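Take a look at the structures below.
You will see subunit A twice below: alongside subunit B first, and alongside subunit C after that.
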Partner chain A sequence: MAAFLYPPFYAYPPYFTLQPVEETRAKQVQAWKALIFDFCVHHNIHTVSADDHADGTVDVLPDPSSPLFVNAAIHRALKREAKVVFLDALVAEGHGEWLEADKHRCRVFFKTLAEYVSDVRRWVDENALHGSVYTLYEMAEATEIPDEWKRLDRDVLHRIFVACQSSGVSSVFGGENGEDVGVKFL
Partner chain B sequence: MRRRPGISGLQRQQAQREAFSDLGSVAASARQLAMEEQLQSFQSQLAQFALKHRADINSQPAFRASFHKMCRDIGVDPLASNKGFWSEALGLGEFYFDLGVQVAEACMASRLETGGLIPLDVLVRRVNKRRGTAVSGEVSIDDVKQAIGSLGKLGSTFKLEMVSGKYLVRSVPGELSPDAAAAIDVAAQDPDGAISEDSLAQRFGGGVGGLVRAREALESFMRDGMAWVDGQREPGKYWYYLPASSEKWSEVL
Partner chain C sequence: MFLYKLTLTPSGRPLLFPGEVEVVLMEATDLEFPSGAGGDAANPREKLTAGVLTLTTARILWTSTSAGAYFVPLPAMRHHEELSRGMFRTKSPRVRFEVFVTPDVHPAVQPTSATGHVVAAFRGRAGCDPLVASLPGILAQRAWTRLPPTVWLTSPPPTSSTTNGTNAVTTTTNNSSNHNSSTAQQPQPPSEETATFFRASDAGVAGILRRQERDSAAADRDLSEAFADLNALKEKASAMVSLASKLKAAVARSEGGADDKRATEDVHGWLLSLGIDSPVTKESAGALYHQQLSRQLADFLLVPPTGDKSSHGAPLTAAGGMLSLVDAWCIYNRARGTALVSPEDVRKACELWPKLGIPIVLRTFSSGSLAVVSGDFDDDVVDAKLLVLMASDDVESARSTRPLEEAIRLARHAGGLRSVGVTEAARVLGTSLELAREHLLCAESRGWLCRDDGGSGLRFSYNFFRDL
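Right after this comes the complex of A and B.
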C-alpha cells in the first residue's frame, strides 16, 4: 500500500492544540476531520479511539509507525478533548458514530449510512436479490458481494444492514454473537 | 550732452517696451509650438514604441518596470484610465485590472490560513502560480505593488504594511498597530513564526507594562484569526504562531 501522505498542517504545532477562537477552530476542525477520514479510508480503519493512553500514545492502530493523533517529529499529540471535538464533527457529517455515550471510541463510516443504504437498495434491485438471505459470514465470501463491502469491518457491515432495516431495504435477524447475523433483502 | 526727459523720450521708451514684449510673445509662442510638436512627436513615438513592444511589456517584468518609469518621468500614466489610448494600445489597464483581481483572489484564499496578513513575496509567488506563468510570463513584486495600489484607489481594504524592512499585504480592514508590527517582527525570528508573551514583553521593555502590551497585541491577533495558539511547546505556557511571520508556514498552510 502506498504510504499515507499527511497534509502540511500535520507538521504545524498549533494544530495539536484546540484553538480557543471560534473562527480559527473552525478551520482546525475542518482540517482534522478530513485528515481522520482520509487516514481511516487509506488504512481501512473502522474504529478510532478518543482516549489518551497511559504511555502517552493516543490511538490504537494497526501500524504504530503511522500514527494519527501523534506527530513525534514535532513532539505534539492531541488531547482527548480535542479528539472528541474533531470526531464529533465527523459524526455530524454522517461519517462517524460514537460507540459509547461518553465518547470513547468512534466508528468511522467511509460513506454515510444513507449512501450505503441506497447502494444496497440499488444492488439488490440490479441483481434481483429480493427475498434472498445471507449471513454476514457468507457475505465476506460470496463472489456477488461488491469488494467495497467485503473490505468493511463485520460490525460496520452489521450496522449498515440495521440502517437498511429501518429503511425497509432488508431485515436483520439473529446476531447474538456476530457471526450468525442474517440479512434478508426485501 | 545730457538728455532731459521729454515726451518723445517717454514715447520712445514705451514703443521699445512694446516691441520687446511683442517679440517676446512671438518667440514664446514659437517655442510653445515647437514644444507641442516635440511632445506630440514624443508621445506618438512612445505610443509606437509601446505598440511595438507590447508583448515584451506585458510579459517581461523588468521591461515593464522601465517602461513605467519612463512614462512617469514624462508625466504619462498608462494606468490612469481603463479607456483611451494607453489601455487600448497596451492593454496595460487591463493587465493591472486582471492582476488586481488575481491579487485579491490570492489574498482571499490565504485569508483562511493567515487571517488576512501575508508577506508580499509569498503573495507574488501565489499570484504567479494562479496565473500559470507559461503563457503570460511572471509578474514581479513591483507589478503586485502596483496592482495593490490600484485596488487601494477603489477604496478597498488591501494595504501594504512595512514591518522591519519586509512588506506584508493586509487584506482585512484595520490598522497594524506598532505593537502588532513588533510582534510580527519578533515572531519572524522563529522559524515557525512563534512568539510567547514573555518574548514580546521583553521587546516592550519588560515589566508589567510590557506584559500587558504583549498580551493585548497577541490577543488581538488571536481575535483576528491571524495567530494560532500552541500549548505543548513549553509546559504551562502558551506560544502564539503567526503564519504571516514564517517563511515556511505562510507558504505551506
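Right after this comes the complex of A and C.
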C-alpha cells in the first residue's frame, strides 16, 4: 500500500492548535475533517479515538510510524478538545458517529449512512435478493458481496443494516456479537 | 482694554506660562465691564457670560467654549473688593477688580495710572469665597515676578532691546508695588536670574570652578531642604523641577558618546516625565475636576513639553500612538510629582475624551485590558509590521512602515512556518509586552495571524489557513 500523503500544512505548528478566531477555525476544521477522512479511507480505519493517548492516539493503527493526530517532527499533537471539535464536524456531515455520549470514540463512515442504505437497496433490487438471509460473517466472505463492503468493519456493517432496517430495506436479528447477527432483505 | 487674549492648548485648557500654577477654578462665572466695553480690542463686548474663571499665580484667566478666552495679568491689578449682594442677598456674589489700563500687550512694562473696572459675577454654588480667600495670598506672593519677562509678550521682543526690557521689568514691578497699596510690600530678594549674571569674579578657570561650587551648593541645599519634611518638599517642588530640567540639559549636552547613550536615554526619559507645573487637583478644580483632568491628561499625552527639542516628544507619540492605561497613569503621576491622582480618576478622565472632542480614545481589548490610543493610530500599520515580522527575522525591515497589502504578500510568499512570540513582537513594535500581546491578538482576530500554543508558550504565525 502506498504511504499516506500528509497535506503540506501538517508541518505547520498552528495546525495543531485549535484556532479561537471563528473564520480561521472554520478553515482549520475543514482541513482537519478532510485529513481525518482521507487518512481513515487510506488505512481502512473505522474507529478514531478522541482521547489523549500516549501513542498515535488512533485506536487501530496499521502503522505506528504514520499517526494521525501527532506530528513528532515538530513536537505538536492535537489536544482532546480539538479532536472533539474536528470529529464533531465529521459527524455533522454524516461521515461519523460518536460511540459514546461523552465522545470518546468516533466511528468513521466512508459514505454517509443514507448513501449506504440506497446502495444496499439498489444491490438487493439488482440481484433480486428479496427475502434472502445472510449472516454478517457471510457478508464478509461471500463472493456476490461487493468488495467495497467486504473492506468494512463488522461493526460498521452491522450499523449499516440497522440503518437499512429503519428505512425498511432489511431486518436485523440475532445477538449482539457480530458472528450471530443475521440480515434478511425485504 | 484690560483683557488679553488667552492661548489655549489643543484640548482646550489654558496654555500656562512656565512656572505658572493654577490655584482656583470657578465655573459659571460672568465678566462685566462697568466702565465701558471690555473684551479684546478687536471684539469689544459688554459682558462675557458663563465661563470658567481660573486664578493662577500670575493671571486671572477666563475661558468659555463660545465666547473665547481672556486673561487679566495680576501685576496690572490695583485693587479688588467684594461687592454688596443687596439687602436680601439676592444678587449673585460679585468681585470688582480695579485694573491698570495698559496701552501695550506687554502689561508689565508700561502701566499707566489710568484704571478700569472688571466685575466678576459668580453664579456657581461656591460663590466667590474660594477666590476671595486665595487672592490676597497670591498677590502677596508675587509669583509673577519670578517668571521670565518674555512670557508676557505675545511675540518675541526685538533682540536689540532685550537688556533694556529686563531692566524695565525690574523697575516697573517695583513701581507697581508702590502703586499697589493692597498687596504686601516686601523687598524682593535678588532673584536667581540676577544671580546668574556675569560677574568679574566669575571670569577664568577659577571663576568657573567657583560658579560650579556655588551651583552645587545651591543644589545640595535644595535637596536637603526638600527631604526635611513633606511640607518643605511641596514648597521645594518647583525648585526640584528646575533642577531636573538643568540635569536634563546637562544630559543633552553630554549625548553623543555611543557607549553610555542608553544610560543617558534612560535618565532623559525619567527626567522628561518630571515637570507638570500646575497639576489639576480636586482642591483647585472642584466640580470641574474630571473635565479639567481629562484635558490636562490629553495635553500631557499629546503635546510635547515646551522647549523640548529631543526626539522623545509627547509620551503617547513616543510610544507609537498607544499606551496601556496603567503606563499612562504611571507616567502622568510621575510628572505630577506630589499631587497624585487615583487610577479611578484617570480612568474617568479618559472616558470624558469623546465628550470633550479630544482625539484620544480609551480602548478596551477583548482580554479586558485598557489602553490609551491616539486618534490617528492606525491598526493596519501595526498589522503590516507584524506580518513582515512573520516573513523574516530581519527586525529592521519589520520596523519600517509599509502598506498592508505588501506585508500580506511578503508573509504569504515566505510561507507560514516562521512563528513569533510576544517578546519578539514587543521588541519590534517598541511597546510593552502587554500591548504587544494585544496587538498580536488583534491581528489574529482580524485574520492575519494564527496561533501556535505549543510547549514554548503562545506564538503566532502568518495565517496560512486564509489561503487554504
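A few points about this structure:
Operating definition for what follows: the second predicted complex is superposed on the first by the 179 of 186 C-alpha atoms of A that agree within 3 Å, B and C clash if a C-alpha of one lies under 4 Å from a C-alpha of the other, contacts with A are read in each partner's own complex, and residues count from 1 in each chain.
The definition used in the following text is that contacts are C-beta pairs under 8 Å (C-beta built on N, C-alpha and C of every residue); 3 or more make two chains touch, one makes a residue touch a chain.
Worth saying up front: this structure is predicted, and the values here are computed from it rather than measured.
Partners subunit B and subunit C clash in the overlay (superposition on subunit A).
When the shared chain is aligned, no partner comes close enough to touch A:F173: not subunit B, not subunit C. Residue contacts after overlaying the shared chain place A:F16 against subunit B and subunit C alike.
In this superposition on chain A, the options for subunit B are 109-117, 127-135 or 145-153, and subunit C clashes with just 109-117. Comparing the two complexes, residues 9, 12-14, 16-17, 19-21, 23-24, 27-28, 75-76 of subunit A contact subunit B in one case and subunit C in the other. Listed in rising order, the residues of subunit A touching subunit C in the complex are 9, 11-14, 16-17, 19-21, 23-24, 27-28, 30-31, 75-76.
Within the complex, the subunit A residues that touch subunit B are 8-9, 12-17, 19-21, 23-24, 27-28, 75-77. Within the complex formed with subunit A, the subunit C residues making contact are 416-417, 419, 444-445, 447, 450-455, 459, 461, 463-466, 468.
If you check the complex, the residues on subunit B that touch subunit A are 112-113, 115, 192, 194, 222-223, 225, 228-233, 239, 241, 249, 252-253.
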